[in-house]
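Heads up, there are several structures right after this.
Each of the next two complexes has subunit A plus one other chain: subunit B in the first, subunit C in the second.
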Partner chain A sequence: MLTYLRKRIISSGLPLLVVIVGVFALARMTGNPAALYLPLNATEAMREDFAVRNGLDQPIWVQMAQYFGGILRLDFGESMRTGESAGAMALRAFPATLQLAGTTMALAIVLAVIVGSAAALKPNGILDRFSSFLSMTAASIPDFWLAIVGIWVFAITLGWVPTSGVVGMAAWVLPVATLVMRPFGTLVQVVRGAMVSSLSEPYIKLARAKGATQYRVVGAHALRNAAAPGLTVAGDLTVGLVNGAVVVETIFGWPGIGKLMIDSILQRDFAVLQACVLLTAVAIFVLNILIDIGYALLDPRVRPSAGARKRRKARVEHRGQQNGPKAPTTPTTTGSAATAVLDA
Partner chain B sequence: MMTEMLEPTAQSDPPTDTVLEVTGLDVDIRTPQGTVRVVSQVSFAARRGQTLALLGESGCGKSMTAKAIAGLLDPVASVAGGTAVLDGQDLNQMNPKQRRAVAGPGLGIVFQDALTALNPVYTIGTQLGEAFRIHRGASKKQAKAEAIDLMRRVGIPEPETRVNSYPHQFSGGMRQRILIAMAVALSPQLLIADEPTTALDVTVQAQIMLLLRKLRTEQQMAVVLITHDLAVVAEEADEVCVMYAGNVVEQGSVDKVFSHPTHPYTKGLLESVPTDAQRGEGLSSIPGSPPELTKIPAGCVYQDRCPLASAICRQERPLLRDTADGQRAACHFAEKVSAAKTDNDDANNVKEEIR
Partner chain C sequence: MTNSPHTAPRARRISMAVAAGALLSTTALAGCSVANSEDSTSGSQAAVAGDTLRIVLQQEPPTLEACESNLTSTGVVVRSTITEPLIERNPSTGELEPKLATEWSSEDDTTWTLKLREGVKFHDGSDFTAEDAAATINRAVNSDLGCNVEGYVFGDDDLDVKAVDDNTVEVTALKADPILPLRLSFLEVVPAETSTTEKVREPIGTGPYKLDAWNAGQSIDASAFAEYWGEASAFAKANYQWRSEGSVRAAMITSGEADIATGLSPEDSIGDLGVSYPNNETVALRMHADKAPFDDIRIRQAVNYAIDKEAIVASLYGGRDKAAAQLVPEGVVGHSESLPVWEYNPEKAKSLVAEAKDDGVETSAQINMIVRTAQFPKIEELGQVIQEQLSQAGLNVNLKMLETSQHLTYQVRPFPTDEDGAIMLMTQHGNQAGDAAFTVDQYMTSKGAQSAFGTPELDELIDTADAATGEDRQAAFEKVFQYQNDEVVQFAHIAHQTGMLGIAGTVSYEPNSSSGDELRLAEVTAK
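After this line comes the complex of A and B, so read on.
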């Protein structure tokens, strides 16, 4: 498992490195970083002063080294607006985004598994058609439109929930409801498709032949097999939520990383923007690792052969005991010794 | 086997030993073109400690018959009539709950392709123990112990370690053993084996058949063996039902049916088995192919390929009737079939040749 994980970390770590270098290159390719960091009406003296202070007069490789050193210390420079550390600002905004994305995805997955499985039980039945219509609609509605209509109906006209902010449970309703639509709609289709194919597999017949209840057949045998494709798509959708909640966070004034990014762009707060981009990239990197681990947990065929190694080891010991010079043990005792090795 | 059959004691009490009695079973499939009858008026009885073979080509309805008995028909198929009485209860009259109660303790089924029949994401131990958890309320620990015991009984080496392995970590033969272990887990009275060796290579086939025979004797099960393999029938079965286009065309004890076939189809099948006498000659085969199930002709189902077909065969479907002691065939000219000698070889020897 560790070897497998190491491989996955290396393979998804490379893109992360590309993003980090890309951010560095972009800041320099678009012209003098001083022009990016400083306000438009900055004087020549201010620019020179900035260049010296940030080491921009140094050779490019020194700048690169300083840049990487800064990342390691989570030092992305200071915000133009507040003078606060850009890294700290991004880190402070991040939990709000994660909470929103996490709540949304949890809701989307639970609903999609229920609706998608129910639809898969009778392909082309009434429920299937209804859920197909429902999920297509949910996946196609633009989130900004839904957000605005939601605010208008539920916050302004009915006054049930606040228009923006994070105070109280009610404030979560509209942002989550808006964000959940696309993941829900997409996942219903994926779960439904995976469940239809999984339910037609011979192992479902075998489970029924053992007298398993419908609940057991669907919930344990079919769903577990349908989970892997679901996880892949859910992972992608989560990535989308983590860096794509920009619109919804802005509309609802949600103090997450998406809103911080937009604010930084609008105010040319380049250091904060850079910190946000890097933090998001790291989050996606971690998420991908988690998806890989989840994948391996769900499907033993993807799992690396750690089990096989354990088994070989156990077998060798098993043989050793049988052939050993000591009094021959009965197969049962050697067997349980082997099991004990496995359990240890 | 022949002598046993002739002994009066062996023949006097078979009714009490009947585990499964199928009578007039019909199975329909709904297709866009309309309803198609894929199994028609199938009747047979399976006895304790004996093997009954359902023999036929692919698509003849033998697997469909088995699935209908096991209650595992696909949603498009349904039992249209007849009874299947297991231990005094008609399986076709059962509600889903009663069905589930029978599935395992009453009847077990072994599927053809062990790789796809085993759930890839659960360990063998979990899947083997599942029957005990469902029907006996066993704890996880007990179920695992039972699984190990089962693995030992079907000859899987190192069961204590292998119980934690997944299906893809086993060979084809081992997977088939696991499937068999699952089917016999709760000592069912009836074991249905649906082409249990088709997906395996020949040496493994023999081991699997040996295992099935051993378990049949140990647990005194009735076995319904579904196969297209004449050699397997000759070797393993006590009785045989030869099926063609959804109908039983001939049934009886294997010894009699194979030595004196009274239906032209059975005869054709037996003649197509290569024998030493034919060495150097071309293999004999039955001309033509089975009718599409949507276009089964009126009259005899076998008329298009039958050398004896005449006017009556096109008008009237022959019913199964006694053609010899303990042997029934659905042919207007059964007597003619049994009287005729084959050209190249003595039909009496065919069974021996197959063996």
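After this line comes the complex of A and C, so read on.
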């Protein structure tokens, strides 16, 4: 497992380095920010002062060296726009995004597992058709439209929740409800497909034959095997949310990192942009590792240690076949499927 | 079996533990308020109707630094609410009125003496004196802080400032400056102890409200200053929030979550709670005469004839805006009442283009109309209408929608030289200073930062106007605008715009031309 983890960390770390360099270079290619920060009638002397104050008069390689030095000291510099520490601004905004993403994904996964599993029990049945319609609609609705309609219906017309803001539990309802739709719709489709496939496997029939309850067949046996594709898709969707739910953050006034990042791009606030991108890149890096660990835990086949064990065992068996009476061989099957039969 | 019988259950237990942990932590997170909002709880939860005035802005102020208060997003919170200037310009009459200075005078327009108000206290309890006034001017104009207001109002020229006694300050300009008091009205006073090496995000002022808490990303809380020298405010507290979406700001008014919303438009479904006001902004097209076809004045005149300004105002802006004949609206010194709006005459436009073509002007040369995305409501539609009308006059217009930063490269010198056509920039100009000098020096002189070209004659007229005072000043600027339209035609003016505030039925406020830049909370009362 540790070998596997090490390999995943190395392979995920390289893109992180590319991101660090890329954000520095690309941000500067978008032009000089002086015009955005100085009055339109600023004189040439003022523009020069601005460049000196913000280190923009230095050669690009000097700026880059300062940037890398700053990263090592976890100092991203100051925001040109607010004068605050760029790192502090990014760190302040990020938890709000994480909260939104975490809540949204937890809700989406739970709902998708329930609806997707129920739909898979009877493919093409009424529930299946209804859930397909529901999930496709949910996955297709544009979030800005849903947000505005949600505000109009639930905040203005019915007055059940506030239009926006972050104070109180009620303020979470519309942003989370808006954000949850797409992951829910997508995940229902994935869970349903994987569950249909799992439920038709022989080990499920055996489990049923041995008298396992419907709940146990679905919840303990089929779902575990169906979880891997769901995890992959959920991981992708979570990465998208961790990167900032810009539209929802903008509409609902949610103080997250997505909006901060967009504002920084528009304002050419290099330091804040760099801090935001680096922070989200690290978070996505960590998230990818967690997804890989989850995947390895769910499916032992992806674990090199398990593979090595298999190879070792195969070698032993091979030697045994050569040296002594033939040992019975088992066709390779998924560990979890085999375990399912044992557990049943 | 390929697996050890113990491997899978352990893996499952671990994965279930991870999943459960993730769910629990998420639930715990969601159970709390949004990250970093715990500091704001007291203030924001206090933001309920009653003794708190709730304002929703378009964006969070980048800073509340007093010397940056000419920035709209800063000034709308700070000016005359948290901090105060020495002199204040009445946005309705254009007259300068006493604030922290009670009177001012000069014998030579170079040295100005200001008498200061007594009995004024800062929010930290200290007394306001001439030392503070002098330090404020020095800090904003003469320091290396790089204050935005310095570039906006004073340029590179420093001022000589001295506190004569506790209540008198003397300011000397490098040369005669008849509008120095107007320039000083842009400076918000802060205590002499305020840092001169670093900008201050949360200033101490003398205004009717003092800052209580700035919950970054969420809200700003202020409360009425008990020792304020002037009339007591109608509300004990004030709470600022911000939402980028106009429709959400409007919804906050209609749902009773806010009392005043800035930057609305009729499309935001605000209904009767939307109040229009002239916001001093003027939309115009600036034509660069360095390339064909704009190198011929007849084409620039044709552009003016071809655009149906009245129809644009009526159809796109519901008749609230006003067709424009010059870059400054009514209420600004120098605005000419008698200057006629360019007549809509498509036939005349076509004949001018044809005439120029016959004389060898390359009238089919491409014109790039540079427009800033989302600069003001319906700007895309406005660009398309103008493009169509100019096409009908026989001109070849290419509409280029650009974001702010790219647009600015066309707005201020040095202009791009590698453009594949003649430049026609749509510009929105706001003269918040109330004097045409702030417009024409920038937009009409031969070397003005936002002027594509000029003539020596016009430069001379502008110099004369800048130096004039009183009625002569008004007449001189009127002449400048007339000359632009008759002889230079760098601009095709479109409209003087209006802004819109959302005002809840529970409060009273009369918006004026400065409301978008300076929302004086002391002027808001409960109904």
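The rule is short, and it goes like this: the second predicted complex is superposed on the first by the 262 of 344 C-alpha atoms of A that agree within 3 Å, B and C clash if a C-alpha of one lies under 4 Å from a C-alpha of the other, contacts with A are read in each partner's own complex, and residues count from 1 in each chain.
Just so we're on the same page, a contact is a pair of C-beta atoms (placed from the backbone, for glycine too) under 8 Å apart; a residue touches a chain by one contact, two chains touch by 3 or more.
If you're wondering where the values come from, they're calculated on a predicted model, not measured in any experiment.
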Which of subunit B and subunit C A:P300 touches, first, second, both or neither: both
Which of subunit B and subunit C A:H221 touches, first, second, both or neither: first
Which of subunit B and subunit C A:P59 touches, first, second, both or neither: neither
Subunit B versus subunit C as contact partner of A:L206, first or second or both or neither: first
Residues of subunit A touched, compared between subunit B and subunit C (which is higher): C
Contacts on subunit A seen with subunit B and repeated with subunit C across the two complexes: 224, 298, 300, 335-336, 338-339, 342
Contact footprint of subunit C on subunit A as seen in their complex: 30-31, 33, 35-43, 45-46, 49-50, 53, 81-84, 89, 92-96, 98-99, 102-103, 105-106, 110, 148, 151-152, 155-156, 159, 162-168, 171-172, 224, 250-255, 259-260, 266, 268, 290, 293-294, 297-298, 300, 306, 310, 313, 330, 332-333, 335-336, 338-339, 342-343
Subunit A-touching residues of subunit B, taken from the complex the two chains share: 70-72, 96, 99-105, 108-109, 111, 113, 116-123, 130-131, 134-135, 148, 158-166, 168-169, 179, 182-183, 185
Of subunit A, residues touching subunit B in the complex: 201-203, 205-214, 216, 221, 224-225, 298-301, 307-308, 311, 314-315, 318, 335-336, 338-339, 342
Touching residues (chain side subunit C, partner subunit A) in the complex: 1-3, 5, 7-9, 11-12, 14-15, 18-19, 22-23, 25-27, 29-30, 33-37, 40-41, 44-45, 47, 62-63, 65, 70, 144, 146, 148, 150-152, 155-156, 198-199, 201, 216-218, 241-245, 247-248, 251-252, 254-255, 257, 403-406, 408-409, 411-412, 441-442, 449-450
